[in-house]
Amino acid sequence: MPYIKIELTRENVTKQQKQLLISGITKLISDVLEKDPALTHVVIQEIDTDNWGVSGEQVSILREKGITGKLK
Amino acid sequence: MPYIKIELTRENVTKQQKQLLISGITKLISDVLEKDPALTHVVIQEIDTDNWGVSGEQVSILREKGITGKLK
Amino acid sequence: MPYIKIELTRENVTKQQKQLLISGITKLISDVLEKDPALTHVVIQEIDTDNWGVSGEQVSILREKGITGKLK
Amino acid sequence: MPYIKIELTRENVTKQQKQLLISGITKLISDVLEKDPALTHVVIQEIDTDNWGVSGEQVSILREKGITGKLK
Amino acid sequence: MPYIKIELTRENVTKQQKQLLISGITKLISDVLEKDPALTHVVIQEIDTDNWGVSGEQVSILREKGITGKLK
Amino acid sequence: MPYIKIELTRENVTKQQKQLLISGITKLISDVLEKDPALTHVVIQEIDTDNWGVSGEQVSILREKGITGKLK
């Protein structure tokens, strides 16, 4: 009966990327815990960059400063 | 002091349906737990069908396939 | 595909009361939104009274002061 | 590693108010728990007034009745 | 800046399984979204089987009836 | 009507620290948004260090390696 919530900043995540997250997590849960996928729900919540803060600063401001949070 | 979060897919839920969910849950909490309704908060969060997955598939895709999730 | 989270203080909620909450909410969702109950998940999360605050005070302190949050 | 979610009604919260919430909570967590701010994430979620209920009523209806929820 | 919450029933999930979920999801997020893993937080929340309901019934009751939710 | 959830690792947070978090956040919300504190609920959720991961590793393992997440 797992329920998985993914929260991330709203920055042009595509429909296909969302599908990859949903299928990938459902497969992981099935592989590790042997759960029936019909019972696994995955919810993706996109958050405006003004509404997410880390280190005390809005992500919208961090992005303006060139901090991407991406892999180098 | 209950707080209730309802997450469901964004599929034309009307203002009146939302009110029925809010009043119904608040009454249930009051009936079962004798809680003062002034302390019961209900939050409804609607999720785009691209952002909800079950059985590893996006609900938007399931809907295109004719799977409604409705009572038969 | 609804998912419902109920958060309340950990104050001797019985197994039967939990069942009444689960069945009552599932029925409400089915009545109002015509959702197949097989897709409705309800999760109850009990929170220690030291860990819940309202009006800026811990519920454990409010309870010592005789404030019950119950229906009068 | 704290994660803080603030849920409030969508009622013209400004970008600056959001920044004050993010910086204020991050500082509080750092002051009280000595956590490195780089590990503190704050997420603000705004909820439509039709989608929040208290005392069994939608906030949109409470606002029409002149109930503001503001400090007096 | 992703934050991922996994909610599942408390049924003897081992420390190693938890580690596999955490590393697997973090890798998935990094692969699909190119996010720096240092910014990805994964939280696992185990819920007592009395406190999770599906189809209007407590999971503890479903388990007694031999319904496992496992892959066949 | 704000609701605030604080999730942090279960590492000997005292009752007094919890009270400071609750009163501090309630005051911040009142100062920034002029919300009536009677409507502000704060919930603290402590997560076992095996159940929280960052950078793909369990916090329990990070702690064994001497990584504290504390201010330097």
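Labels for the chains are A, B, C, D, E and F, by order of writing; each one numbers its residues from 1.
As a convention for this text, contacts are C-beta pairs under 8 Å (C-beta built on N, C-alpha and C of every residue); 3 or more make two chains touch, one makes a residue touch a chain.
These figures come from a predicted structure and were not determined experimentally.
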Worksheet item: Of all chains present, which has the mean Cα position farthest from that of subunit A?
Response: C
Item to complete: Give the rotation angle, in degrees and rounded to the nearest 5, that superposes the C-alpha atoms of subunit C onto those of its identical copy subunit D.
Response: 180
Worksheet entry | Equivalent interface to E-F, taken from C-E, D-E or A-C so that over half of the residue contact pairs match | C-E
Worksheet item: Distance from the CA centroid of subunit A to that of subunit D, rounded to the nearest Å?
Response: 21
Worksheet item: Between subunit B and subunit C, what's the gap in Å when you average each chain's C-alpha atoms?
Response: 15
Response to the item:
Among all residues of subunit B, those touching at least two other chains are 1, 3, 7, 37, 41, 43, 45, 52, 54
Item to complete: Would you please name all pairs of chains that touch?
Response: A-B, A-C, A-D, A-E, B-C, B-D, B-F, C-E, C-F, D-E, D-F, E-F
Fill in: Residues of subunit E defined as touching subunit F within the complex
15, 18-19, 22-23, 26-27, 37-38, 40-46
Worksheet, complete the sentence: In the complex, subunit F touches subunit B at residues 1, 3, 41, 43
Worksheet entry | List of subunit E residues in touch with subunit C within their complex | 7, 45, 47, 50-58, 60-61
Worksheet item: Can you name the residues of subunit C that touch subunit B in the complex?
Response: 1-9, 13, 17, 20-21, 24-25, 28-30, 32-37, 39, 52, 54, 59, 69-72
